[in-house]
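Below are two complexes that have chain A in common, paired first with chain B and then with chain C.
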Partner chain A sequence: MAETLIDVIQQLINGLMYGAFYALIGLGFTLFFGVMKKFNLAYGPTIMVGIYLGLIPLYVWEAPIWTVFIACVAGAVAVGFVVEFACFRFLRQGHELAPLMTTIGMLILLQEAVVIVTHALPYEYPAVFGDESWELGPFLIRPDYVAMLLTGVILVVVLYVVVNRTRFGRAMRAVAENPTVARLLGVSVNRMNTLTFALTSALGGATGFFVAISLGALQPGIASWMTIKGLVVIVIGGLGSIPGAILAGLLLGVVELQALWFLGIGYRDIFAYVLLFAFLVLRPAGLLGKAAT
Partner chain B sequence: MEYYLAVLTIIGMHILLGLSVYLVAITGQISFGQQGFYAIGAYLAGIGTALWGLHLLPAMLVGMLVAGAVGFLVGFPALRVKGLYLGIATFGFGELVRLTFLNVRYTKMIDGKLVGPNGAEGFRHVSYIYDHGLTQSQYLGIIYTAVALVAVCLYILERSKLGAKFRAVEEDELAAAMVGINVTAVKVFAFTLSGLVAGLGGAMFVHYSTYIDHDMVALPLAVASVTYPMLGGLGSFWGTLLAAAFLIFLTESLRFLQEFRLILYGMLIIATMTFRPRGIIDETVMLKLRGVWRRHRSPYPGM
Partner chain C sequence: MRRFFVCSVVWAMALVLLPSGVSAFQEEGTLRIGGMWALSGPAAYVGSSSNGLSSLAIDEINEAGGVEIKGKRVKLVKYAYDDACKAEEGLTIVRRLADSDKVLFSLGPTCSNVAEPVFGTLQKRLDDPNDTGLQFLFFTDTAIKFGLAKISPWAFRNVGNEPAMFDLTFQLVQEKYPDLKTVAVAYESDFAHSVSTWKGAVKPALEKYGYQVLDVVEWRFEDTEFGPQTSKLRKLNPDILVMLSHTYTTCGSMKEFKRQRVKSKLMVGITSTANTETMTACGMAVEGMIIPTNFAPINPKAKEIAELAWAKYKADSNLHSVPAYENIYAIKGIVEKVGIDNEPHTLLADRRKVRDALAKLGTFQGIIGPIKMNGDDDPVKPRDVDKAVILVQAKGGEWTVWWQPPEMEQDKQ
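And then the complex of A and B:
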């Protein structure tokens, strides 16, 4: 009995930390939807390419690890600009789900581009925090997960400050609430869109760095995986709600790791989707959302 | 020659898959989960012929009907969400189906071979076609007969009152409800039909390839199935049909480009959605075509 309890708590700890990652991805999607009112399914690939680009300083110049971090963020932002230009800039009117398809097209394109460039070989990310877990009583804590959680907390705090306490943030919120009035008040909606892209991509790049470290080996497939998890998180958390995305990400992480530990890998994803359906059927608005689309 | 037959066979299957997405799309529901019905049709039809000894048509019927029944069941929770939410939900459904089949084991020893869905190893030896001496071109004939039947049904649907109700629901649900359309019935019916069509596609696929596993009905198939109606346009089912044929033909004929095929695929999607956001054959095209036809036929110009 005590053994099971220890397992449950261990997976709870792991789940919360792992969930920080899901929360950050969901956060990117939510921010994006909140300001631009459109979905960017190319967010996952943006992060993925950023992570790969981060490897360039390491492999080409054997530079220290913090340059990899900078390169990840910068790479993600660069890709974000490309995505914005290709997928969103020219889609003013039209079917509201047209950006869905263009970003899917971009997803296919980016994933395939990375496969070509890397010849489909997995690339290794250095294990910055070592391979050993810390021991805290009967529990094992992975240092890279802790780093992810800490980074997540820092990023969320930074984001909160930017969104709620700066002029830029105010402009962002204005555009999110009512683009027409924002324009009347002198906010350039186009510029805000581009800057939102840059902000969410930078967020993604930072997240991606820690994901890559905990995963160890990189493959292009992580783009789809991140996208799917991110979408599940925003549905559970409620569209347009930042605290909702965070809570939902943590919840998903916990559910997944408990399922993984007790039932095995075949059931981990099943439980994630069951959770998704439970929310859709019982509470379509999500945990803290305003209303279903 | 065999190669072209194979390509045409795949096109037939994908047409059915695309039409199944089309059916729900014209009621305004975007479904990324039709590959789930495809999988249900495939596995059940395979079980029908390989494990239960049914003939081809009854087995395909079983697959189709079960997929349609599941479509009916999915239609109800689908009412609660719209837009991308529904897309995510249906994708979740598709993944649940896939993961279920990943974990299912139902095998029997037949003629010394282990036949049946076997978890991650998939479902092999669905060899009804080859056991009964059907050639590839004969099976192709069967497939396209089915496609033609579905196309005829869609043609009738689009011209009927029901078809108008479908499009009314897509356009504005509240207005449709106010004119007396039973929106729930329309949407659930659309899902049921789409389940039937996709199930049929899957049932035919499994007999063609003699093999199905969970990897074949994952995200790439979901993306492909939605791409066909989105690119082809929601004006007419011909759009989906032609888009499926064109895209598969394109990816096959560009094999020499190897890895760049998918990049081209992605760019094509982006380009089409940028210049024609509602697809190539969208509603305005259909209106113009009908206008031309009417002007051509009517003795009274302008009517």
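And then the complex of A and C:
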């Protein structure tokens, strides 16, 4: 009994920390949808390309790890600008499915571009915290997950301050509420969309850095993985809800790892999608989203 | 304007989709061969290596003058496509290779989950007019799941025999480490090769040599989190860990093993991970792992090919990719021996001639030793090969030979 309890708590700890990845990825998707009312399916590959670009200082100049972090963020922002320009800037209003199509195309393009450029070779990412765990009684805690969790908390706090306490955040919320009125009030909607892309891409780059140092080996397939998880998180959390995305990410992480531990790999994915369908059927607005009126 | 635009698009599509090969092959001085590999996606490293080794063989043959057909030297031309390790892509590509590109035969596919349905589209019974399956020859270099060549008499493979390889592996392990008794296994439950290796090769070998299997844990081919499975393995504390997962998950899981202090006395890996990709991505995490393979640079020719393939095509030479090189030379020898006409209207007959000759080929020379092609009437593995097995071990960031057949030791001396 005691051993089972330890197992449950261990997987809960793992699930919460792993769920922090999902939360941060979902946060990016949520910000896009919240401001632009559109899905950006190229967000996952944006992060992925940022992570690959982060390797340049490491492999070319053997630069210290903090430069890899900066390069990840800067790389993701640069790709974010490209995605915004290519997939959103010139789309006409009223064509609701157009952004979906353009960003799916960009997802494929970016993923395959990385495969071609890297010759499909895997790249080892430095294990910043080594391959060790901290012991806390009977529990093992991964220091890279803790670092990611703490960074995630800092990023969320910074995001909260930016969105709620700055002029930029006020303008962003105005565009999210009503772009027409915001335009009338002198807010440049295009500029706000571009800056939103920059902000969310920077968030993605930071997240991607921690994903990469935890994985240890990089391959282009992580773009699809991040995209799927991000979409699941924003549906469960509620479209456009930042707190919802955070809660949903943590919930997804816990559900997946508990199912994996007790029932096996097949049930991990089943439970994750059962959770998704349950929310879609029973609570379509998600955990903290606004119900449709 | 709109009508003009639509007409232009229609004409352009018609031109693109028109079957190629209207001019005679022999006339244009080419012999067409095909290849379908995973050139993108998680198996891209394996597929692109096979593609590279095949290009190396083609370059060598063409630089030496080409293939002799009806007294004329023709160049090999390869039509290669990316199946992305997806069955639906493979099914499209095989039709294109057979009917549009009109190639003599095809190398690949990389993945067994592609090969199985693709071979299923081929003719099942030779000379049966009611069998409308494709009369198209495959000489596969990579898809290694046991028994695939049985699907069609048009499917031939130069791949490892994993049941025999793992039987030998555990026989040798038991001889060298008789105190090791317990085993835990990890495999990718959604990847055909991993599943078939566990069920068809490793499990029978472990039973035969009396090992106790403590538990079997599973993950997916593209998983990134291995915590729960590793926790289970930690509790079991097995003597031997058998890792039947491919490079990406092997690296991730081995690092998790280190974090959770899972340490077995011995590790055995799946055949596909004995390559440069694993060393590049996993580094010292796989130190000590033993893997059965059919290729290692153990003689000058093998070393030369490995170096050239990497220098020219960034292609890793391993048990999956080197057969692509060997197969092209084997087919060249057959074509020159049996004589084909190499015309579009004789394509079916040419494919049949080469197929029949391949079935009767017997022994041919591989890079590290002779390879025996089993004929149509082999009761166990028709149209598959028997070839030497080597065991390699990860040591100091490199694959070193842990065991090789005694006759190869003598050849080296």
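FYI, the second predicted complex is superposed on the first by the 290 of 293 C-alpha atoms of A that agree within 3 Å, B and C clash if a C-alpha of one lies under 4 Å from a C-alpha of the other, contacts with A are read in each partner's own complex, and residues count from 1 in each chain.
Note that a residue touches a chain if its C-beta (ideal position, glycine included) is under 8 Å from a C-beta of that chain, and two chains touch if they have at least 3 such contacts.
Keep in mind that this is a model prediction, so the values were computed, not measured.
When the two complexes are overlaid on chain A, chain B and chain C occupy overlapping space and clash. Of the two partner chains, chain B is the only one touched by A:F277; chain C is not. Once the two complexes are overlaid on the shared chain, A:N14 sits against chain C while remaining clear of chain B. Touch criterion met: A:R142 reaches chain C, while chain B stays clear of it. When the shared chain is aligned, chain B and chain C each come close enough to touch A:G266. Contacts of A:M101 after superposition: chain B is touched, whereas chain C is not reached. Once the two complexes are overlaid on the shared chain, A:L239 sits against chain B while remaining clear of chain C. Contacts of A:E112 after superposition: both chain B and chain C are touched. Only one of the stretches 3-11, 75-83 or 273-281 belonging to chain B overlaps chain C in the superposed arrangement, and that stretch is 3-11. Taken together, the two structures place residues 111-112, 115, 266, 269 of chain A in contact with chain B in one case and with chain C in the other. Looking at the complex, you find that chain A touches chain C at residues 7, 10-11, 14, 18, 111-112, 115, 119-124, 127, 131-133, 140, 142, 211, 214-217, 219, 221-222, 225, 256-257, 260-261, 264-266, 269. Residue ranges of chain C in contact with chain A, taken from their complex: 39-42, 44-45, 47-48, 189, 218-220, 222-225, 227-229, 231-232, 247-248, 251-252, 255, 258-261, 277, 280-283, 285, 314.
Residues 30, 77, 80-85, 87-89, 91-93, 95-96, 99-100, 102-103, 219, 223, 226-227, 230-231, 259-260, 262-263, 265-270, 273-274, 277-278 of chain B are the ones touching chain A in the complex. Residue ranges of chain A in contact with chain B, taken from their complex: 39, 86-87, 90-91, 93-102, 104-113, 115-116, 224, 228, 231-232, 235, 239, 266-267, 269-270, 273-274, 276-277, 280-281, 284, 292-293.
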